[in-house]
Amino acid sequence: MAINKIVDSFEEAIADIRDGATIMIGYFGHAGDAPCWLIRALAEKGTKNLTIISNMPGWGRTLIPAFREMVKGLIRNPSWWDDAGLLVENGQVRKAVVSWASGMSPAHVNDFEKRYQAGEVELEMVPQGTLAERIRAGKAGIPAFYVPTGAGTVVEEGKEVRVFNGRRHILEHALTADFALIHAHKADRWGNLVYQGTSRTFNATMAGAAKVTIAEVDEIVELGELDPEAVVTPNIYVDRVVARPLEELRKW
Amino acid sequence: MVDKYRMDEQTMALRVAREFQDGMVVNLGVGIGTQCMNYVPEGREVVFQSENGALGLGPIVSSPDEADINLLNAGGQPASPMKGMCFFSHDESFVMIRGRHIDMVVLGGMEVSEKGDLANWALPGRGLGNIGGSMDLALGAKSVVVVMTHTTKSGKPKILKKCSLPLTAPECVDIIVTDIAFIRITDKGLVLEEIVPGWTVEEVQAVTEPRLIVSPDLKEVTL
Amino acid sequence: MVDKYRMDEQTMALRVAREFQDGMVVNLGVGIGTQCMNYVPEGREVVFQSENGALGLGPIVSSPDEADINLLNAGGQPASPMKGMCFFSHDESFVMIRGRHIDMVVLGGMEVSEKGDLANWALPGRGLGNIGGSMDLALGAKSVVVVMTHTTKSGKPKILKKCSLPLTAPECVDIIVTDIAFIRITDKGLVLEEIVPGWTVEEVQAVTEPRLIVSPDLKEVTL
Amino acid sequence: MAINKIVDSFEEAIADIRDGATIMIGYFGHAGDAPCWLIRALAEKGTKNLTIISNMPGWGRTLIPAFREMVKGLIRNPSWWDDAGLLVENGQVRKAVVSWASGMSPAHVNDFEKRYQAGEVELEMVPQGTLAERIRAGKAGIPAFYVPTGAGTVVEEGKEVRVFNGRRHILEHALTADFALIHAHKADRWGNLVYQGTSRTFNATMAGAAKVTIAEVDEIVELGELDPEAVVTPNIYVDRVVARPLEELRKW
């Protein structure tokens, strides 16, 4: 009768994520942009053997407290901050496709690195711009493209090299996934999304790049309330929308 | 040598910021880079691009009360809102970077070769590391400034004939600002243009592996 | 045959619109396609994608007084604003199309082959024509409906064993709605599912080059 | 002292466009999205041997009146509507890279087609989505990419073909230009742009894809007046901004 992508709970939103799934998780690396509740629901569900595609495998609860402490003179980070590191620490991740594998400094070792050194997890390192572009290509029906990024470095290894305009380029392939977990600020029942400030990051890039895109939002508004000129993620890219608990957002 | 003056991070950031010309779009890498945000020379208007999706963020805030978790620079520091700023996704951000729309980028460095090769992402001996946006920035920006200490903690040169660490990008660096010198990378080689007070050319050369060309206009670093 | 009933454009648009399921995203090609905008079946919510950069435009306005030159469908007709609509650039529009995010597209056709090859863009004998978005739409949409007259003005079949005109895309068409029939293209061949009142299967076959498989559920076109 | 991309006149905005230049012209094909004043200024300047990259070589003054007449029961088109057809009719265009070469129907023949049949102009036909993506690639530092569009058709001729996921794809190359002439609704002195409704089209795609991007806008506003969450074209892609004459907009 009417399009309604709103789902009532985080459990329901991720109920069909199965062991072995490939999951995009949208964030750059801070509290403002991570789909924290969806990540916690997935941790609770305990789904195993996940491949995650994300800017980083996450600070996790190993490093978030240290990060919080490091920047506390500048910014207070919310109590509900979690990232994909929680899934890594839970032993749910088999492989990570990321641009930033380690902690925020050589001295900060995340759980992913420990597991990597122990041979428990696989790692595919991708330059950040190439990662973003491979995800967009997955969304755009472009199977592969050439970039100069990584030419003449270890990133080139095993890849096709080709010279355009006298410069080395490497062939990079599209990334897609079974699910994309993203965070936005507001949504309507069609799945149109708006963000706040610097929280678009990989969220807006991943929306639509997976078979199922699930958006965790601060607020769901009536259809027509979002300014059509200011919608960042068009509804076509979003399959499910779930709202954060208002009382927890308020508390913070 | 232990007693000689070396610029601290803030002072290096101040020196780097002098390179920002009026109207430039500048990306500041994580680390010393982001500190440059607060030192734009008087009378110049510079637009900062943060690879996490913003153009035109202002200086870093001075207290957590002014901080907004959705107004961060790439280093995760809270920035001030500015008139003219705008936001975008990660793919769009790297369209700007890879597409050569950024006038200047300031990056940290572990090693720089005399040809301008940069190594700044791998964690030696750990088999992984943080590429982040460094590879895109190093080859995408029109001008690349590397800011780093001149030597490692154990005193070994970081400006080398050939990098030993995995590269970020080959032949990409234009300017090196260290804690003791300002060096420009040219077709002819490394040109020493500025030196920190108290250091001689010979002393800087002693901690630099490739031969330095001394600029006819060599002067002391001024801030 | 001259006297037999054939559906006019509006009636064909009405029949096509019955294929729109609740919640679908549908792109309407220039021509008969855009007329479908006004015939969404009661009780279904359909989101129209216009390749000129809109999702969720409403029906075509009924008077120039309601028209907005910045609220046009791909055919250049002024549409009504709708709650939930949004706008985007041309590259983003074709990310949606090429990336298989569109559930159904309605395209015009000059020729369709029994394998579902479509030819609809070239101007025969003039060496040029209008590809427009047709190639992207024909292969990008999850389901492709072609709406066209069953025969040319001179009475020749447009559903052929092999297209003679330059292709838009090979093996892309799922459904053909003509002025006399509804045909589904399957792995087994062309299945005649509906026929316009007054026409016999033999008469439809006579103006169709490839052999038609008559559906066991063959019925008259209902609107 | 301060960034100011505002230029006072259309003549000044295009003064450095030279004979033989490659020019992107942003529009889909209607009055709402074309940079009409920039096009007229270029027609007046008379620059020759242009290669234009645009969705279409334009209806031109040959067909705009017919178009106007065709749709008059539905919409009134403004008196100031012009498109790249004016440059074609003026004999200024040597080559067009377009997705839509002819008139709005087989019966409507534009001036470009007449010149094409006479061998006076060159034509490169590109499917619309590939055209948009090649322009974006030019802006994005991506020299080439693979698309399924056009595989198995005449578009494939002379191009590299490659199979990905069992499907034919063709290699397409980036497009760049010397100038991009675009139309937006509002701009500030930094060059941030917003549009109205369905007028983003190729305008927003071309912004930044040429060495110099010139935006013709309905209104220039103070820095800070545009909602930072609703800016469509970030200032980095825009080099010059020039305002339409308010009295002519009002008249319409």
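A, B, C and D are the chain letters, set down in written order, and residue numbers restart from 1 in every chain.
Here is the rule we use: contacts are C-beta pairs under 8 Å (C-beta built on N, C-alpha and C of every residue); 3 or more make two chains touch, one makes a residue touch a chain.
Since this is a predicted model, take the numbers as computed values, not measurements.
Touching subunit B and subunit C together: A, D.
Common neighbours of subunit C and subunit D (chains touching each): A.
Comparing chain pairs A-B and B-D, the larger number of C-beta contacts belongs to A-B. Look at where the CA atoms of subunit A average out and do the same for subunit B: the two points lie 28 Å apart. With centres set at the average Cα position, the gap from subunit A to subunit D is 35 Å. Multi-chain contact residues of subunit A (touching two or more other chains): 133, 136, 140-142, 147-148, 195-197, 228-229, 232. Contacts with at least two other chains are made by residues 87-88, 94, 98, 140 of subunit B.
The chain pairs satisfying the stated touch condition come to A-B, A-C, A-D, B-D, C-D.
Interface residues of subunit C facing subunit A in the complex, by the touch rule stated above, are 22-23, 25, 43-45, 47, 49, 55-56, 81, 83-88, 92, 94-96, 98-102, 140.
Within the complex formed with subunit A, the subunit B residues making contact are 50-54, 57, 60-61, 64, 67-72, 74, 76-78, 87-91, 93-94, 97-98, 123, 126-136, 139-140, 166-170. Only residues 1-3, 136, 138-142, 188-190, 192, 208, 223-224, 226, 228-229, 231, 234-237 of subunit D touch subunit B when the two sit together in their complex.
Across the interface of their complex, subunit C is touched by residues 28-33, 55, 67, 71-78, 99-102, 104, 106, 113, 116-117, 123, 125-130, 132-133, 135-136, 147-155, 195-205, 232 of subunit D. On the subunit A side of its complex with subunit D, the touching residues are 133, 137, 140-148, 164-165, 169, 194-197, 227-230, 232.
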